[in-house]
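The two complexes that follow have chain A in common; it is paired with chain B in the first and with chain C in the second.
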Partner chain A sequence: MAKFIVRRFILLLITMILVSIAVFMITEASPGNVAKNVLGAFITPEQEKSFLAQMGLDKPAYVRYIYWLVGSDWLADDKVGMKLRRVTTEDGFVEWWAVRSDGALVRWKLEGDDLIAVARLPSLGVATEYTNNGRWQTQEDGTSFFWGVDTANHVVKWEKGADTEVWNFVIGTGWMKASGGPVQYIPLKKGFIRGDPGVSLRTGRPVSKTIFTRLRNSVVLAGIAFVLVMPVALLLGMIAGLKEGSLQDRFLSIGGMIFSVIPEFATGIFLILIMAVWLQIVPGATVFGESAPWQRPDMLVLPVLTLTLIELGYILRITRASMVEVMKSPYIRTAQLKGLPYWRIIFKHAVRNALMAPITVIMLHVNWLMGGIVIVEVVFGYPGLGKYLLDSAMFKDINGLEAGAMILVLLAVGTQLVADIIYTFLNPRIRYT
Partner chain B sequence: MTDGESAVSTSGDAVDPIPDLRQRSFFQRWWEGFSIIFASKTAMVGLFLVLFWIFVAIFAPFLTPYTPLEQDWKSPNIGPSAEHPLGTDELGRDLWSRLIYGARVVLVVLPISEDLWIPGGTAIWGVIVALVVGTALGLISGYYGGWIDEITMRLLDAMMAVPIILLYLIIMAALGASAINVVIAMTIVGTPGIARLVRSLTLDIRTREYIRAAETRGENPWHIMFIEILPNARGPIIVDAMLRVGYAIFAMGTLGFLGLGIPPPSPDWGSMVAKGREFILAGSPWAALWPSVAIATLVVGLNLLADGLREESMRYQ
Partner chain C sequence: MKGSKDIHPRIVELFDQLQDGRLSRREFIRYAALLGLSAAAASQMIGLPWPKSLSAADIRRGGVIRVATSVQKVTHPAQFSWVEPTNILRQVAEYLTYTDKNNITHPYLLENWKASDDLKTWILNLRKGIKFNNGDEFTADDVFFTIKQWLNKDVGSSILGMMGAYLDPNGIEKSDAHQITLHLKKPEIAVPEHLFHYPAMILNHRTFEGDFIKAPHGTGPYTLDVYKESERAVLKRRSDYWQKGADGKPLPYMDGMEFFDMGDEMSPRIAALRAGEIDMIDLATTGGTAAFQALKDYRGVQVKPIGTAQARVMRMRVDLKPWDDNRVRMALKLCQHREKILGLAYFGQGLLAHDFHVAPVHPEYCDKQIPEYNPQKAKQLLKEAGYPNGLRVNLALGSEWTDVVRYGEILKQDAAPAGFNVVLKTMPTSQYWEKWTEVDLGVTPWTHRPLGTMVLNLAYVNDADGNPVAWNETNWADPEFSRLLNEANGTLDVDERRKIFCQLEQIQWERGSIGIAWWQNNWQIVTRRVQDSQPHPTGYMLFNQTWLSEG
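Let's look at the complex of A and B:
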């Protein structure tokens, strides 16, 4: 069993790496341009080039993949010659600083030919500036260069007198042209496997922060739907399965089928039209702003109901099929011939065995359920992981897309593993070797 | 898969116990299989719904005076009226004609470019291409076995582990929105399942005597795979494919709704819902309602038909 789990776990890791490479390659090959997405369609080629260099997007794809996976700060450490540290500000933005030998945090900027160091002692919190020309190094052709941390989270290489023109985009002011820019950029990140999925190109915020909220919202949505749907679907499925072919069985199984095959967006539209437009009981869209989903339960009603209806039919039909099969088995007939009361046969003999199939199949269904959640989130404008993923994919925001994709794969493969393990407990005849 | 076998055997020639020397014509046999439908009420309802959509899709140009792209600036977002039986959308386009031309794209024509199209709807092609690729992979890996099988199946397993919606998202985001790319995406998503099914059938059929005989005759492996094995595995594959048509329509609608399907202005049910949704709260629900009803009735019809058929064919067993 342990061996089985370990092997499956390794397979999970391999799948995640394969998917992350595939997402990277496919995004690479796809048409469209992230610089135009971020900055609008009217940027000049120079502005685009400068932007791509600052984001590290001018580097070859495999280099970017490695940076994304394991980070770039270990590489930059050597160039700067100091340890680098990541600091999170109160506003939730990430800053990178070099650590001086006395423990102060330093960054640099270039003014004319002078290097200005911005130092901050952790105890003081106030930054002091001083000229730091001693750090210029000379390369073979006689010019001076310097590797340092700039004020926008890159490790950069400045060259004295190179006078590179750069375009910086400052939110609120627009494009700022500056001379004396660096000639080379390495954007700093810790890398995905070290817990830093990077900064979203779409929002400019760390992906990890946004995605946590989004994931929480999606889990709330799916969780409520799951808790509601399970008992109802299992109960109805068993009622339908007990009397195969009866009127109530036909009604339940055809009704269940209809709800489970109609696309989620159509169900969502029907519910909005009936509940929000016609009857006007609940709002037809979800606008949470800063508040968490559970603070506005009225807005949760329709998304939860849509998910519930779709899952209801599916689970109902599996439970029904399983119940029908169990009721035909010899041990039920034996129990009947022994003269046991009907309810006792049902609850003591049939139900336990009939629930085995649905529970494992439901776990395998998570893969499918995710698709439903994405659609439901889009229909109702619900700020969940699915919508984040769609927006990131449309924007070509590679960091957001990769992080979302990894979470989905982890959930899908992880639940399958859990389902396999649960199955061994439910059915001791199964052994994994 | 036993359902599949039974559906095929009852619809085939197993009905008559006395061997008839005169081969019954193809149409006679087909009609015998088909007449099962009339025994089941649910199958009849399903058949009616499906035939309705096939009919309007084929005869769309004769059923409406408007083209799906014709805009009427004077009457955008109006409800049903004498001129526009289902109303108009936000650009004043007739919803009924957009709806039936949308059915055409799903069921009857695959638009390749502006003025080039081939017969067979986008959803149908999605299933057919996936079927061809999946069957070939399944046959090869099931028949050859060994490392070919191992590599193919591990790769397909990895693909199956990835959530379907994520596959659709990254494929369509990469390829861009067009009908051909929808077919490609459906192929990539559908192939692993079909390949697995065909492989398991091949593993079983491979051990039969007639395959041994063919091998002893020195037949080419391709001959054995496609002439000897494939026809004997067709029953379950056909049933699986029928179920996949319903799913393909579902997927096509979903892609269109997410803005990843057939690009506007071409009439696509999913994107019509996505656009119409914005005007629901502005007081004109029609543009979102009709395409939702259309896709719902079509997939429900297909599933009722499949369900009824399966039930009836099991009753004869």
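Let's look at the complex of A and C:
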């Protein structure tokens, strides 16, 4: 068993790498312009270029993939010549600083032609500023450059003496002419395998801050639906399957069929119209505040009900079919001929075998419930993982998409593992080596 | 009246026009306000009572309004490209002026403004005693700093495209602690309107470092408590706001405002509003037709319409065949059955339009007869242009704008008798914006602007080098039109301006590059408990005076 689990784990890692490459390539190939998605249709070419450069999107695809996977700070360390450190401020903003030899944290900004360093000693929170022109390095053609950390979490190559002239406004001094400015950006991140999925291009927030909230919301929604559906669906499916063609079988099969064929957006809208608009029992949309989703349990009722109806019919029919098949098999007839009590035959012999198919389906559905319930989430305005993935895809927000995809891979492989383990309990003949 | 020292000489002129009956009262207030006379003073001059707010006893303090909107990524306010984030942050930071729902612009953070006779020097006098929510005093340094930010190329503000044409960074002068003088390169009348352009929020020069969310210090009535992109934003009332309510205590009346991001779908937002889970839907970008249809007869909801100069513009590239021939353009314009289009595409919620980009809500609008649907004449014109057997054209439409698509469908049907075979090319809206200036025939949504000159300057002229300006999507420029428009830009006398506009409108109708079938209404949709909220043509939420009744 241990060997089996280790093998599965390695398989999981390989799957994740392959999926991440696939997602990256698909996003790369799809049309659309991130800068326009984020900044609107009316940006100037200069704004677009500056946005792409600051986000690091002007680099070749493989470089961006490597940055995403293993981070960019190790590369930037060399450029700056100092260690870089990520800190989280009291207000929850993530900031990158270079670490000076005395332990102080430093960042730089350009005011006119002067390089200003902002230093913060860990002991006292206040930042001090001083001119730091000594760091300029002169090149052969007479221009100087400097690699440093700016105030917006990039490592930046600043140049001066170059041909491009820009006017910068310096507070307290006025307009100062500078020759040059930032020419190259490396957005700082730690990389996915070091636990940093990066910053969402769409929202500008770290993906990790949003995605776990979204995941939790989806887990709550799907979890409640799951807990409600499974016992009921399995029980009803078995009742229906025990006597094929009986009245209760017909009733349950047709009922299950009706609910499973109506698409969830239709069910959702009908439920909203009936329960929220007409009867006004529960709200028809989810508006969550601080302590979502527990703040207003009544808002969960309709989304859960919609999911439940769809799932119920589906699982019920699978269980029924499986049960019918088992009840026809020779060993059940043998057991009956042996004169075993009816309930003993059902629970001891039939059910265990009949559950194999439903368990497989259920475990596959866990994954569907996490990412695939996007329609239910959109209909009810529910802030879940599916909707997050949808929005990320619409905006070509690669960091958001990758993180969501990785979570889904993890879930898919994880639930499959759980299913495999459950099989061994249902059928002792199954052994994994 | 004559000889009063602080009054702009043109106001006297305007007043004479008013007394001669050549100017309506509303127009007088608008233009007097434009020249720095407060709306209250202007009202006094013409003997109108200045509308007073409700008596203090009626107004209830407290409560939190809940708004469904999209909580977008925000860094530098000057870089805003969508209205929704400004509707959240305009409660925190404020503008120098404000343009009300009647398109009249008033001083706001300004005490008043004065324009020189040649309209090239504008003196902005700042209101004294205003404090930022971090305790800093609001002074000319903040205005100086903020305007420089707008004009800074590296910031990349859309204001640069607007004000950059007449103002250089070195044309801003700090005259004293509470006065800024703008020295313009050429006369401009729309300076106060531009100061209310949505990215023009005044920033605190001491603390602003490029990201407003990190230092949310504005002069507005609320402070920013939570801003979580794509989730929600929470604003809390501040106690020392500079405006006083009807009860003599500082505004605002409400304790706070909450904004929820419920995604792009309209139906959950409508359901939430019906259930009273939210009080308002921000319709600034999405448009309100779906919400209007769903909620117009719903008891618990107030639907407040407002007429605008917002339009779906059928635009034809005059440098591409077959639209380089004015007869073809005129033929297609004549194929618009305007009553039918307004009725079917926009449920009759608006005004019929002529094929020029000046709306009846504009002060300088010159009334013209709406053209009839005339397929026979269109057919004749097509024949003269060399298409006796008809013409096949592709019409580019953004599929998410349902009214645009319906407009296209009606046009296709009504243009068929004239010989046009209009092929509808629908595409995702984002894709339309990728090539909106490039397609030869398409329908582009244009937003409302308070003055008639503003859109004409943006879309129907060439720049100094003779190339079409950035938003001139049809590449149409006409020497006579440009000359007249330039004249109108420097003419304050409404009557004179209207005379010029009569000619401008005639030229654009006769040989222009666009068809406009209707002007759209906008709506503000709020629940019953929201009181004293005004709809605004551009969907701005001006909610200082808004209060919530019980329940």
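Here are a few things to note about the model shown:
Simple rule for what comes next: the second predicted complex is superposed on the first by the 370 of 433 C-alpha atoms of A that agree within 3 Å, B and C clash if a C-alpha of one lies under 4 Å from a C-alpha of the other, contacts with A are read in each partner's own complex, and residues count from 1 in each chain.
Note that contacts are C-beta pairs under 8 Å (C-beta built on N, C-alpha and C of every residue); 3 or more make two chains touch, one makes a residue touch a chain.
This one's a predicted model, so the numbers in the text were calculated from it and none came from an experiment.
By the touch criterion defined above, A:Ala393 lies against chain B but remains apart from chain C after alignment on the C-alpha atoms of chain A. Looking at the shared chain after the overlay, A:Gln416 reaches chain B, while chain C stays out of its contact range.
When both complexes are overlaid on chain A, the residue A:Arg205 reaches chain C alone and has no touch with chain B. Of the two partner chains, both chain B and chain C are touched by A:Val379. In the superposition on chain A, no contact is made by A:Leu364 with either chain B or chain C. By the touch criterion defined above, A:Ile269 lies against chain B and chain C together after alignment on the C-alpha atoms of chain A.
When the two structures are aligned on the shared chain, A:Val277 is found in touch with chain B and with chain C.
Once chain A of one complex is fitted onto chain A of the other, the partner contacts of A:Ile26 are limited to chain B, with no touch recorded for chain C. When the shared chain is aligned, chain B comes close enough to touch A:Met257, but chain C does not. Shared contact residues of chain A, touching chain B in one structure and chain C in the other: 31, 269, 272, 276-277, 284-285, 378-379.
Residue ranges of chain C in contact with chain A, taken from their complex: 66, 68, 72-75, 79, 81-82, 145, 148-149, 152-154, 156, 158, 161, 169-170, 205, 209-211, 214, 228-232, 258, 260-265, 267-269, 271-272, 274-275, 277-278, 430-431, 433-434, 436, 470-471. Listing the residues of chain A that touch chain B in their complex gives 14-15, 18-19, 22-23, 26-27, 29-31, 254, 257-258, 261-267, 269-270, 272-273, 276-277, 284-285, 367-368, 370-371, 374-375, 378-379, 386, 389-390, 393-394, 396, 401, 405, 408-409, 411-413, 416. By the touch criterion stated above, chain B contacts chain A in their complex at residues 42, 158, 161-166, 168-171, 173-176, 246, 250, 253-254, 257-259, 270, 273-274, 277, 280-281, 285, 288-289, 292-293, 295-296, 299-300, 303-304, 307. For chain A in complex with chain C, the residues that touch the partner chain are 31-33, 36-44, 46-47, 50, 91, 93, 151-152, 166-169, 171, 175, 181, 200, 202-205, 210, 213, 269, 272, 276-277, 280, 283-289, 299, 377-381, 383, 387-388, 391.
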